Amino acid sequence: MGLLRKIRDTGRVAEPAPPEPDGEQPPAAKEFGGSVQVRCVDAGSCNGCEIEIAGAFNPVYDAERYGARLVASPRHADVALVTGPVTRNMAEPLRRTVAAMPEPRLVVAVGDCAINCGEFAGGYGVEGAVSDVVPVDLVVPGCPPRPAEIVAALRRVTGR
Amino acid sequence: MNTVGYAAIVLQVGAVVAGAPLLTGLMRQTRARLEGRAGAGVLQPWRDVRKLLRKEPITPIGTGPAFRWAPPLLVATSLVLAVLVPLVSTDTPVRARADLILVVSLLALGTLALALAGLDTGTAFGGMGASREMTIAALVEPTILVAVFALSIPAGSTNLPVIVAGAADQPARLTSPAGLLAIAALAVAVLAESGRLPVDNPSTHLELTMVHEAMVLEYAGPDLALVEFGAQLRLAVLLGLLASLFAPWGIATGASLTAVLLALLLVVLKVTVLGMALAAAEVFWAKLRLFRVPELLAGSFLLALLAVTASYFLGTEGGAR
Amino acid sequence: MSKGLFTQLLDLACGAFLLAAVVVLWRRELAAIVRLFALQGFALAAVALLLGLHEDRWDLIAVAAGIGALRAGLLPYLIRRALTAFVAERDGGPGRRGGSEEARETQPLVNVAASLLTAAALTLLAYAVARPLVELDPTPATRALPVGLAVVLIGFFVLVTRRRALAQVVGFLLLDNGITATAFLAASGVPLIVELGVSFDVLLAVLVLQLLTVRVREAFGTTDIDDLRELHD
Amino acid sequence: MSLIPAALATATGLGVAGAAAGLVLPQRGRGAVVGVLTAGVGVAGGASGVAALGGSRWSAEIPGLLPLAGTHFAVDALSGLFMAVAGAVVAAVAVYGVGYVAGHGAHGFGSRAAQALLPLFALTLVLVPAAASVSTFLLLWELMALTSLLLVMAEHRARASVREAAVWYAVMTHLGLVLLLAGLSVYASQAGGETFAALRVGTAAMSPTVRGLVFVLTATAFASKAGLVPLHAWLPRAHPEAPSAVSALMSAAMVNLGVYGLVRVGFDLLGGGPAWWWLLVMAMGGLSAVYGILQAAMASDLKRLLAYSTSENMGLVVLGVGAAGLFAHAGDKVLAGLALAAALLHVVNHSAFKSLLFGAAGSVLRATGERNLDLLGGLRARMPITAGLFALGALGAVALPPGNGFISEWLLLQSMIHGLAVPGVTTAIVLPLAVAVIALSAGLAAAVFVKALGVGFFARPRTEQAAAAQESPLLMLAGMGLLAALCTALALVPGLLGDGLDRAVAVVGFAGTHPVSGGGLRVRLDEVSASLSPLWVVAALTVALGAVTATTRWASRRQRRRMNARLWDCGGGAPTPRMAYTATSFAEPLQRVFDDVLAPEQDVDVTPVRESAYLVERVAFRNRVPDRIEHRLYRPVLDFLAAAGQSARRLAGGSVHTYLGYGFFGLVALLVVLVVGW
């Protein structure tokens, strides 16, 4: 009963949807038609971006309302959200993950580290940026990017 | 009669096929609203299916016909169920074939096909999912069949339309203890069969807690679309079955088209309400530990058994004739 | 009221009565168990009320009211108070087991699934035993007689297999509820005095047991009956 | 009319000829000749059985054949059913055996002795139901037991475990024989005549206690032959160790005769009895159904799994028989007929799919030398036809549509559900439990055969033997093909044996309800009805499947399928076959759920490195699920026997021949008794 009361008192926490982000939809995403399954790959980040991604899917930002959903297997996924500089140990797994995804598929690099290794550039354990390992279709700059920006990127993919 | 009967079947199958994803969408939406989210909208499951159909099918190495044919078989069994189960009319051309035991075993057939597919991949998760699914399926079986027993006593038959029609013209059967116990037992069984909370969590991302999801980790594209669609069909048919078993009011028993249409409207309404109630309940439930599930099923089995004994000892009808 | 309606309602009440007893076996939280017990008391009162209305016996209706007050109100209240007292004390008190431990029947002697199946067997047994009695005069009331017996057996079973003293108290009360129900359904109502006497005994028993459990708790810091074995060694 | 004696005579002639051929022929060509002759035995026996099912009866007395008492034969629809089943199985398995023996050398199943015994065993299987007097019946029964025993021992050179199994089988089957002997001789002496006709007549005059005694003795004996718990101990030993052709014969034809005996003696001769007989029978059946399938769920040895599943199915059959007895006792001949028909139909179905499954298991054993599911896998790619046949048999065994097992279990459930119409508290309490038992065993059977098929045949091979497997020779496939065709026919048009079933039921005086007719099943009792048409189900499923695939193909944008994609390995190394679920791990959840029933033995021993107790060097985990009933029931007895044996070594020397001797002496003693009897 306590939970019921809480639900009643809380009501809707999702913020009103911001206007559609500008920037054209990546060509591969044309076929998705408002439904995108997302698989996150942490290629060696400091987990800052992970926290923000979690934020993007929480009730407040609620990325799900635009048709994006996190899934457990790359076979189910259309988009790989890759974070962090690709460490040597994660390079091969990242390639395999992307290879496991059925066509058409997109790779979204989230955070400065994913785009240009950011802080960790030239680290001995760093293989390189995500684009050095797998083709990247979309980037979300920021260290870490704000949930709103991640959501905006996902909206460009879902087109909603 | 026949034309109306066929019309009823066509309408029913059409409604189930079109409505199953919508039902899932509605349940997700209900959950989302209760959690303070905006929700992806009721149409989202259809969007998912469309998108998955556009994607590339994948056959992993070392898999064979079982993996290839399980998804279509799952959907096929669900479709046959959608034809058999009397949702809008008890007076259809297939009414002689709609046997409750047959319905139960067709459900089991779909489960079994998917379990074999999970083993066919040879991955640890596939095997794990298959093993858990079959364990639960095996334990659900007694509950369901004893509940079937309880339902068939007053009707004197395991034929679904007979049971439903009988319940429709004397509602006293439903409010008797036997009826209520049978409802409770069958409801638990339906939760287990359709892989919902608290038996299985359909939206989990953690492989180790998966039951149904773990078997389908390897499917992609259209195959995955079929698997998800099949699961949605099963849920819709099962909720519809519950609705017409325990709230049969308004179901068409005659051969008038208007009655059929009205019944269609009503059944859609009932299933909607049931679905929303289930979704709301799921907000409050947590998934049971796998090895607590037997307790739940033992409980529901007990309820079913009590239903049988009650309908024999308390009930004036049934029992000694 | 009409015969059919009476039968319907009586069967419903008895169904709820039995169901409450069964679910007591199912649940682990003592709080939930107490709630169920209150529900059962309510069902029992309903049975008495129905019988009274059916036979226009005002004493029965009065008894029903009494039962409702006692079993759906007072006894659950007392037990709940004892429970909260336990939990409160357990949560305080460094190095002792937490209140959550006290508030749940974590490890019954017979695991839950098994005890549920046992309950099924007991119910069948009750039906089989009560069959001849029912044959004597098959009225709706007597036909529901097995329910009372089943609850007696289940109550006994709870008393035997549960570890927490409070759970055992509830088991004892289930047993008493069952006896009362059997009395009602068989003789359609024991005399008012007897019923009051019985209930009064129960009340005393509960108070005694509660005092006992309080003492136990103060002495050993838990009400797990098995811990009392230490007294022997 | 004259078909039956002619066919039986042919069968006998062929059987003897086969035995002779097995003895005299050189090793090459022996298998083929013996196989053909044995198949002939099967065909002839089957033909006579079919004729009997068709309604013709035959009975004769052949005085000179057996010393002392003459031999009596009588064939009616009931015996016809069992003869037909045995004949069909024998014929198919004989064809299979020709291919099977080709692989073996002059030893084991290919040896002179085994090849000579096979036709005799087949012959006894066909003839036992035709026996119409106590002495004839017992003689054939004992012959069957001996031939099967020696056949079980065929491969004793290869594996020592065979001997142990043989000893178990010898002891139990002969204890059974002794009980049967006692029961039937008491019966004969009380009834004043040893022909079945005389027994039927004499029953009326017998006191209830005597009839009860006779029933209990004979029922126990028949139950042990049918492999019912707790008398099943020989079954999971003998079946795996016997050559697969023999296991198929034993599991699909021999155990049936236990049921035959139960029905013949219980219903036909004793003419039914009080409720407690049948409650006893039902209890035994229910126990074996659940316990058998549970042990099958735990087993990782393929043939052991199948053996336990046999014990489960026999349990279901006997459950039906017991229900029939209960209904008959309550005076409802119609329901009794329905239940008995369901039980007999399940006998037929079980024989069909179980012989097929044992055949497939045999080809797996032949191809890989492995019975352990944990070491198999990946056979689907290497022996596709065998895998397909096994799948077909498994479909029948899991009692799901469109398998043939589903039909008989559906009928069984119907008879139980409608049985509640019989007044009385016993039925009201027993029948729901019976339904629950059937349901639970069906559910567990699904898990069992998903395990057998998915772990044994699917995914990738776990060992080199499995990887090197080759498809079986043509004749084995042909034999299995016959059985597969039989399964399919039974699954699609059970109406084939509709009238025969009714006649068989009518033999024991129950009303035939025509449950199976034409393309479907229909249960019509007053105010009760249900119907099922397998053909329609299959058609509907096929249509739906076609529609689904067509729609998907039409709707999906990308037609090109990415083949042989790498399995999703979570990004790590590719999963090795060792990561795939084994039969043991598949059964683990069930083992946990039924912990209290199965009482598995697990022990973990951790050996730390010498330097520090905290660094673990090796962890060993052992987990085995012993047959609990066997441990609790047989161990004490065996220990007692061992203790007794210490004092009297001469009696229980543990050598098979001693035990056989007892059996023979018992038989001779009986014959003497019978002669002195008049």
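Labels for the chains are A, B, C and D, by order of writing; each one numbers its residues from 1.
Everything below uses one rule, namely that a contact is a pair of C-beta atoms (placed from the backbone, for glycine too) under 8 Å apart; a residue touches a chain by one contact, two chains touch by 3 or more.
Quick caveat, the model's predicted, so the values are computed rather than measured.
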Any chance you could name the chains that touch chain B and chain D both? A, C
Please work out which of B-C and C-D is bridged by more C-beta pairs in contact, and write that pair. B-C
Where the centre of all protein Cα atoms falls, which chain's Cα centre is nearest to that point? B
By mean C-alpha coordinates, which chain is most distant from chain D? A
Roughly how far is chain A from chain C, going centre to centre by Cα mean, in whole Å? 56
Would you kindly tell me how far, in whole Å, the mean C-alpha position of chain B lies from that of chain A? 35
Chain centres from averaged Cα atoms put chain C and chain D apart, in whole Å, by 49
Two or more other chains touching the same residue: where does that happen in chain B? 54-58, 217-218, 221, 294, 301, 305, 309, 313
Out of chain C, which residues touch more than one other chain, so two or more? 111, 114, 124, 127, 131
Could you say which residues in chain D touch two or more other chains, in rising order? 428-429, 557-558, 562, 565-566, 568-569
Which chains touch which? A-B, A-D, B-C, B-D, C-D
Please output the residues of chain D touching chain A within their complex, sorted ascending. 557-558, 562, 565-566, 568-572
Can you list the residues on chain A that touch chain D in the complex? 31, 73-75, 90, 92-94, 96-97, 99-100, 102-103
In the complex, chain A residues that touch chain B: 3, 7, 10-14, 17, 31-37, 59, 62, 64-67, 69-73, 75-76, 78, 101-104
Complex interface listing, chain B residues touching chain D: 53-62, 64, 66, 72-73, 75-77, 79-80, 83, 96-97, 99, 101-102, 105-106, 108-109, 112, 115-116, 118-124, 126-128, 130-132, 134-135, 137-142, 144-146, 148-149, 152-153, 156-159, 162, 217-218, 221-222, 225-226, 290-291, 294, 301, 305, 308-309, 312-313, 318-321
Show which residues of chain B lie in contact with chain C when the two form their complex. 172, 175-177, 180-181, 294-295, 298-299, 301-303, 305-306, 309-310, 313-314, 316
